[in-house]
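Both of the next two complexes hold subunit A, though its partner changes from subunit B to subunit C.
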Partner chain A sequence: MSTETATNIDIDRNIGDFSYPEKHAFDAGVGLTHDTIDYIAGVKGEADWVREYRHKALDVFNSKPMPTHWASHDLDAIVFDNIRYYLSHGQKANRSWDDVPEDMKRTFERLGIPEQERKFLAGVEAQFDSEAVYSNIKKAVGDQGVIFVGPTEGLRDHPEIFKKWFGKVIPAGDNKFSALNSAVFSGGSFIYVPPGVKVKHPLQAYFRINAENFGQFERTLIIADEGSEVMYMEGCTAPKFETATLHSAVVELVAMKGAKIQYITVQNWSANVFNLVTKRAVAHEEAEVKWIDCNIGSRLTMKYPGVVLKGRKARGEVISIALANDGQHQDTGAKMIHAADETTSNIISKSISVGKGRATYRGLVHVPKHLKGCKNNTECDALLINSTSRTDTYPAITVRGTGNAVQHEASVSQISAEQIFYMQQRGLTEGQAMSLSVNGFVNDLVRQFPMEYSVELKRLIDLEMEGSVG
Partner chain B sequence: MSSLVIKDLHVNIGDKEIVRGLSLEVEKGKVHAIMGPNGSGKSTLAKVLGGHPDYTVTSGEVFMDGVNVLEMEPDERARQGIFLAFQYPMEIPGVSIANFLRAAVQARMGKDEELEATEYYARLYEKMDALEMPRNFTSRSVNEGFSGGEKKRNEILQMAMLEPKYAILDETDSGLDIDALRIVSGGVNKLRGPEIGILLITHYQRLLDYIVPDHVHVMVEGRIVMSGGKDLALELEEKGYDWVKEGAGITETAGV
Partner chain C sequence: MNRMNADDASLIVMGGPDALENHAFADWFRQLQFEGWESYQSLPMPQRTDEEWRFASIKSIDISGYTRPLPVSEEDQAELIARSSGLEKVAGRMIFANDQLLKREVLSEDLKKKGVIWEPIEKAMADHEEIFRKHFMTQDVVLGSKKFAALHKAWVKSGTFLYVPRGIEIDLPIEVFHWLHGSGGSTFPHTLLVAGENSKVTLIDYFESSDATAPGFALGVNDLFLEAGAKLTYICSQNWSEKALAMQINSTVVGRDASATSMNLNLGSSYARTESVSRLVGQGGRSDMLAVSVTDGAQEFDQRTLQDHQQPDTVSDLLYKNSLADKARTIFAGLIRVEPHAHRTDAYQKVRNLLLSDDAEANSMPGLEILADEVRCSHGATSGQINEEELFYLMSRGINPTEAKQLIVSGFLNEVVEKLGNKPIAEKLAGLIQSKFDRLKARSRG
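Our next item is the complex of A and B:
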């Protein structure tokens, strides 16, 4: 990869992906019927089997009830008939800088995003040429035989590679929202890494998705062939200014024998967004899959990255940070399905609830009776910033048989008034004291993020905490 | 003008009066010691000067170099030059001493000033060397898992870095064995000088063997009942607090 491209990657990570919700050349209208599916499949020129897959998924979506018997009743606030399920190319930004909310302008400023990029992020100007950056990346990794395309292109041009796994890790019927995504998916990344190829630089969703200008029902499938390695990053710390309120992505990862996949997400949604995501990986023999997930913002996020440990000695890991500010609910967790001997999994989850914010951890660890030598470690720690915030932990650990070891630790802590006074007595304002405490709480996890992300994350936490002190 | 002046201070916690008309002046360049039995209000005085939100000043005044302190938030008092070495320093998990102090030093600078990392570390290491602290000390999380001695040394290091005008040391000797006491007092003695006024709060006389005060005050039931030179501490050690209480006309049962 050329130095120039590498530089671009580093600089431009500051920018979040962004959608332009108005004046699209192709627009499927509001509401979701089989006509909508035909419209989407038609615009994309998809093969019959894909069209068929979408239609079936829609039936599944319609037949499944909302999962409110276990999840938040806030889901009932989603009006599916009012949502636009497909928008496409040809759109121009038509907002003016004055329309951008003040708090967002301030956040851009504080995150140190240059003026020009702020306007781009806010959907005011489409100056930034992500198309060019994306093709640079594509070219650089293409030389190693890596395929890095969108789902439409992937299913059309490389069916022999992607069809085999598409919808296999997460079937359409896995849950109501995976069915929805399977019906209307658009945008996202399809990646194939050939055997033995170790992709040096992280692949980033930002450029891809932004080049398509759409990311509401993203579909991502990453296949790392035997002995290969890849790191993928999505999202950014800059807030997303969205009018679309439902985001429902599906991410499938396949790590073949001895392969390593790291999938890093940092998301900072605006407070009106329902972010309902299904993420799962299959790890074959001696493969390693690591999800690093940071969720900030949104009205309700439901996300439980999982790893099916299918091959002997496979390893799965979920590292997650969730910050629930006033009026937000972060319902996150992890799933580890042990399906072979000597598989190991590690879950570390830290959540912060501020004001009336609510953080929920749901964990599922399954080790069947016939397996030997499996290990799981689960740690979930919650930090409450004041007495009106709430945290819940729902761990479900099923371990059968005798040759397996499971360890679970959970803690809930609060930043005490004495701690804040101590820090204030050293000259820090109450807000600075809060953010330092919060940063300290997540510090050991933040260190696992790439450098640029961790620096941004710290600044973002500072901003979130600053606003939380009355 | 260069002094911390406390005038007829009355302090409540809830409905209960803890400090009952205390007056004291700590001049720059001097070390004052306040001694007193448990429950005399010594630690309350320290916290009130720091601006702890649990305490209410019902009347009286506190001036630092002529400026009214009681109107300031705790962090502003700190930035203006009041330093409180805590009896029980708090833990801040995940935050290294180096980062904590850096934030504290940064907080004393102007909005547009950026603390130069190399300069900061040069100064930090200079202070640590002077206090004979190992370099790896500041990479540990603030007070987390520290021994009593380490916590107090950390307080002294912070005092050295923040260069306050007035430092209040609350029971700095508590929980220290004799070696730790020697090290911590050595640190305080190094920081003594014409630019700082120090108020030592202690229950025991032994601290004053190591940090020799210019003045000694005895506090009983929220008031200073006796003041004198450094010899007063020795006399007190010999005769006990009952001697002062009797002299002040206070009976044992009236203790707070």
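Our next item is the complex of A and C:
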């Protein structure tokens, strides 16, 4: 449809656009040097090997150039010297809700974590600035032997479990931003699910940034032992800041033989955040890993969740929804590395570009030689709302040898004027009709999210579509 | 052999344009060649980290060992002319060997009278300077080989210039043969074609080596311009020696309501790179881009494409098919770019890889960049192997497995050739594909 006349989009960012006075007991100052690393390691009371790991990672970070030979030059706008790399209330993660400070509670209230939901959730790991300030593991989960802690406790209290895999799925040197995270990580979730344990309730964490120029570098490692099942959910909103904020997480998943992991993200950072995330999983024999990834916020998101299909019959899946509005670039995608026979992978990506927004799909599928019976299916659909919207697709597919089947398809489309006209005839406003169409476009993917997330998603899409038509 | 770079002494082997003894060229052209040489020397060699060269074996593009185009003896000239067998009926034919014009079968007097120009470039640049200069290597090289385009510019010595004036339709195809003769030499074939308003023409470039196993270096450029309403079919049949290193840089500029169909047939070379750019610069323009690649041994075919939609209501449709045997590698990197305001664009892109061996490798990078509205775009890439059921069916009819496989591969590839909608040309190309299969068969028996 012709939308030449469409007015500029005005997003209602009032939701999540708030902040409370900050009282940071620990503050490493701005900029990043080896002294910063020593400071962080000292405050956290970390073992020497962790401190050493951080120092090495910083050297790697400094030695790697910005990946702007393929990535957006917007990355050059990040001034690493202006960023605070560590900030904390100096509190230990809280176990009970009563221990959480009052002003933080108000923040969570505004984020819309209802009381009832808390009862439903197995555990809430709410990250406020760098340290997990609230961590509530439901008794039932603990009784099943599930470990659900922050990285500091994980590496300190359970090294026999976490040390083996920490930094192994995503080495510090994987890319510039994984190196940065490895140097300054704090906060996040370390989870271990014992063999055969099926965690009934999803484990959930909410993240929020609440300090100007403050970077968030959480680190997550989930190990699902043989035959176990776990679902992890991560959602975030952030208030608006005057200057750019950097968020660079590393998430590693390990699914042992026959295990199943689902990792769900709804990302809604405010439109000044650089969100540069490395997420990768290793799936052993007959294991299944599914990334469900939804990106609505941020200025620039670069995130390509991957699965290394290491064991026979392992299965990897990425379901991705991206919505790019004015001033936003959602550079998202997926990586599937087939490393064993009969491994299968599936990538479904849907993006919506509104106003001057830009959505990019970047993918990598690799099937090395002498593997048999590997299958990959990739589908990318892009929806363009306005004449100024942009979408790109950059997949890279390598297939060696016979006996494997790989297919990639992508399409770009618009909402038809007839469709909108029809709905208007039925009494809907143009905006409502547009919202309905967009929700229809992503509906089959949204349905894969847990119920409360799909409701939230629908609401977020409605919000973003407000004012997208003239 | 050393990696070539600007200050490498081995460059002396090639030398600058001076060494060409091309004093017959006009000063303005020699000036262009010097500029080409300078930018060749100043531009960096492709790096492994260059996105435009991703997956390519950079070490394959070492050109330091080749000499300038070698002279061809009169005896050899006669032999090469005799071996230049193309279509039965053509409107014209030129034969070159090592950038030297051997023979020119002219167009009918009637077409000449109507203003059709069909000359080797060294003559065209003198006789028709204005139109030649207006089009000669004016298009930006955007897919990675800027340095090599500059080298071509410095070294180009001959090739064809075809100008078809407004409203003239040439029904029969025009053929050009470029032979790479001798061992270790080079060739810089050039094709410049301007199709005037509402004209119609078909041009075929055949690239051949006199010795199917001699090393050599081929660096060709073809620039095709379609003015409003023009219709062009262009075919580049690349059958250099299996030890040749080849690069071909194409640009097609499609004007208002014009329609271009181009086809690359890739058979020869150890490493062959093709860069094909279609720029749709006029409303209602259309470009069909086709390619068939038959690989075996350790061949690497590296194909980069751009479908650049600059104006509204334009259409492009790309279909590339690769068959991969032995340790062959293919790379396909294609981009559909729909510029802002190029609304109502239809753009399609498909690459199909048929893997015939466990050591073969197919890399596909189908890309889209859409900055306009009301666009219909899709792309697809598949990699698979011969369907066992199809094979079984043919074998159950008494066809031996080797023949059966070949039939299936031929069927897979010929679908592209048939899209040309020209029976004699389709048969000629199918014959070239078949002769490569026959060579493979003979080799596997020997």
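Things to note:
Methods note: the second predicted complex is superposed on the first by the 380 of 470 C-alpha atoms of A that agree within 3 Å, B and C clash if a C-alpha of one lies under 4 Å from a C-alpha of the other, contacts with A are read in each partner's own complex, and residues count from 1 in each chain.
The rule we apply is simple: a contact is a pair of C-beta atoms (placed from the backbone, for glycine too) under 8 Å apart; a residue touches a chain by one contact, two chains touch by 3 or more.
This is a predicted model, so every value here is computed, not measured.
When both complexes are overlaid on chain A, the residue A:422 reaches subunit B alone and has no touch with subunit C.
Look at A:396: by the touch rule set out above, it reaches subunit C but stays clear of subunit B.
Of the two partner chains placed around the shared chain by superposition, neither subunit B nor subunit C is touched by A:271.
By the document's definition of touching, neither partner reaches A:79: not subunit B, not subunit C. Applying the stated contact rule after C-alpha superposition, one finds that A:384 touches subunit C and leaves subunit B untouched. Once chain A of one complex is fitted onto chain A of the other, the partner contacts of A:405 are limited to subunit C, with no touch recorded for subunit B. The partner that reaches more residues of subunit A, of the two candidates subunit B and subunit C, is C.
Applying the stated contact rule after C-alpha superposition, one finds that A:30 touches neither subunit B nor subunit C. In the superposition on chain A, A:70 contacts subunit C only, with no contact to subunit B. No residue of subunit A touches both subunit B in one complex and subunit C in the other. Taken together, the subunit A residues at the contact with subunit B in this complex read 416-419, 421-430, 432-433, 436-437, 439-444. The touching residues of subunit C, when paired with subunit A in their complex, are 49-51, 54-55, 340-341, 343, 353, 355-386. Residue ranges on subunit A touching subunit C, taken from their complex, read 1-4, 69-70, 367, 369-370, 382, 384, 386-414. Subunit B contributes residues 50-54, 73-75, 77-79, 83-84, 86, 89-95, 99-101, 103-104, 107-108, 141, 158, 162 to its touches with subunit A in the complex.
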